[in-house]
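One structure is given here, and the rest of the page talks about it.
Each chain gets a letter, A, B, C, D, E and F, in the order it is written, and its residues are counted from 1.
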Amino acid sequence: MMKLAVFLSDWRRTEDSFERMKAEKMGVILVGNGVYHAVVKENGKDSPVLSKSGANFYVLSDDLTTRGFTAANVNSKVKIVSYGDIVDLIMNDYEKTAWL
Amino acid sequence: MMKLAVFLSDWRRTEDSFERMKAEKMGVILVGNGVYHAVVKENGKDSPVLSKSGANFYVLSDDLTTRGFTAANVNSKVKIVSYGDIVDLIMNDYEKTAWL
Amino acid sequence: MGAVNLLFVVQRPPYKSENARLALTHAIASQTAEIYMDDGDSVVPIIVFVGDGVLNMVKDQQAMKVYGVTSTESHIKSCLLIDLPVWVCKEDMTRLGLKEENVITDAEDMGAELKTKFVSFADIQKEMESVKHLLFF
Amino acid sequence: MGAVNLLFVVQRPPYKSENARLALTHAIASQTAEIYMDDGDSVVPIIVFVGDGVLNMVKDQQAMKVYGVTSTESHIKSCLLIDLPVWVCKEDMTRLGLKEENVITDAEDMGAELKTKFVSFADIQKEMESVKHLLFF
Amino acid sequence: MGELTFGVFSSLVGSMSLDFAFKLAEAGIAKGHKVNMWLSGNAVMMAKKGQKPFKDYSHNEKLMKELMSKGMEVTVCEACAEARGYHKEDVPEGMKRASMDWYLAKTVKTDKLLHIGGE
Amino acid sequence: MGELTFGVFSSLVGSMSLDFAFKLAEAGIAKGHKVNMWLSGNAVMMAKKGQKPFKDYSHNEKLMKELMSKGMEVTVCEACAEARGYHKEDVPEGMKRASMDWYLAKTVKTDKLLHIGGE
């Protein structure tokens, strides 16, 4: 098993690798348009991304505010992080990365 | 109502304008990776694109062969066309176009 | 030809592609197109946000502060300022949980009189039927 | 460091983006990377097609004839020729209705000995776990 | 015979939408239509001459020049080009640079418009 | 302190993935890490100097130069650049051009790799 940091940068995703991959420890880092998974409830429901079992969720603060969202909008499952925090996640907390 | 030629160039689509738009006469022209809608049966089923009611379906021959498919693979609902045919469809058969 | 109507349709979110900004800047360019046209001709654009495109309308976008890039919000307000109609699909706002208080409803801070118009997809369909050309982004 | 394993994962179809071709050409570049490395170091890539990426494997691609551009097929065969493992996810082939007779199984016409390996996603998962770096396209 | 105007926003290498547009333009001209092309966004990558015709990459310069010699007007977005570091001296012969209003004006008289808005 | 290598394939203007990569590199360098960057595909658009810093468009040249002055290595894919008409004389100062094997070699010693493969 592995410790994996997954980056999602899209809202409508065209791959299903995310659903299929498993990791002992998985961090899901929402950046770019991936931040919508942290703040938008389509038809009142959380994004299916947030149901990935056992994962830790992060969202990049700068990419939230760029799109007009703030901490107040963020799903309670998701931790708000800075660019510096993402560096630490990559360098210290996870063995490898996957930008899907 | 209108006579509309719709171009689809993606396999996994991220818009839903296609499902919502209506036209008195609609031509759906599959180009680029849109050609997969004419030849791939996911889980044995036709692409949902081909269920657009009342539409005429076309697929660009050059984009089929580029991707390794031939006339033999094409769904019977879909007519195979050339670049010249697409020019005629745009100039003679439809009033406006929508590249989705 | 007289006045030619164009419908600019933005159906994808901002920033992940250049689409939304290019739709807005091209629509705004209608203002100066007369230098290339015959007397009496004009282009009359409407810009409409549908599907995930309604995410462009979220207000307080900090793109300039964060990335040094003009926000989509700022371009939308420029449209209102020059009286270029900005329409947003109501059904899609509801689907994505956006309320009027979350989105750009006017550009009063810039002195614009025109306001965002909240419309149904049926209204947009009608407009698609009546214009000469469709420009999907 | 010795030999470092890399997994190139192609998860999208060809031609609509440069992804698949760049994955292949970068993987092939492992052959000449030694000029930048210390003695004894090497990179050992595997390239795997999953999800819609399996559409890259369809044979008889006429990209050169139609558009004057090297086909993805030709790059895949180049991989086999230099003994670079090419894996394809069996479950995704089944899902998209592709049979072995529809896809690139070898590059015998180029003199390659290595053949395409048809694997399950579970095998791919195992490989993801064992390599040093993942490169998703 | 009619007039067909393209607006293309896709990059030179990648989606092959530019390749599509040039081949469709070629077919249109062969049928006697007047064809105009507006290149904006990443499609301004056509506004840099001296592109090496490697067989691994889309290369539309040759076909574009051929079509321009047959009367196709090609104009690129000036601001989009400058933002990418393409200057006046980079422009292939026969191609024009203008503001976006050039494209808007073309929509008035053209019979049909094919606007390829995405990548 | 560790070593972090980026591979980026996204265009200068559009997805903002390049902007993301440069800002993450900046944060990495601020924390004392060694950072390398490989630019291929449409990301070779960084290999053209003289990009006008309009505020409507992503502009990473200034930040990239600043980070290079702090030790970041930036290398672009030579063939990808030539195919787009970017030649040796277009390269911003401090940036290198090489074949794809440069990137592959970097993956050996780097602690972590962030490969941004799409647009």
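List of remarks:
Quick note on the criterion: a residue touches a chain if its C-beta (ideal position, glycine included) is under 8 Å from a C-beta of that chain, and two chains touch if they have at least 3 such contacts.
Since this is a predicted model, take the numbers as computed values, not measurements.
Counting only chains that touch, the fewest steps needed to get from chain A to chain B is 1.
Traced through touching neighbours, the fewest hops from chain D to chain E number 1.
The chains touching chain D as well as chain F are A, E. Ranked by separation of Cα centres from chain D, the top chain is C.
At the interface between chain E and chain F, over half of the residue numbers involved are used by both copies, so each side presents largely the same positions.
Set against one another, A-D and A-C show the most C-beta pairs in contact at A-C. Per-chain CA centroids place chain B at a distance of 28 Å from chain C. Chain A and chain F have CA centres that are 24 Å apart.
Residues of chain E in contact with two or more other chains: 13-16, 23, 41-42, 56-57, 59, 113, 115, 117-119. Residue positions 9, 12, 14, 32, 62-63, 96-97, 99 of chain A are each in touch with at least two other chains. For chain D, residues touching at least two other chains, in rising order: 12, 15-18, 25, 52, 67, 132-134, 136. Annotation, chain-chain contacts: A-B, A-C, A-D, A-F, B-C, B-D, B-E, C-E, C-F, D-E, D-F, E-F (touch as defined at the top). The part of chain D that touches chain E in the complex is made up of residues 15-18, 21, 25, 64, 67-70.
By the touch rule above, chain D contacts chain B in their complex via residues 13-16, 52, 55, 58-63, 65-67, 71, 73, 95-97, 102. Across the interface of their complex, chain E is touched by residues 1, 4, 6, 12, 17-19, 22-23, 25-26, 28-37, 41-43, 45, 132-137 of chain C.
Those residues of chain B lying in contact with chain C across their complex are 1-2, 4, 14-17, 20-22, 96-100.
Here chain B touches chain E in the complex through residues 7, 9, 31-32, 62-63, 82-84, 86-88, 90-91, 96-97, 99, going by the rule given at the top.
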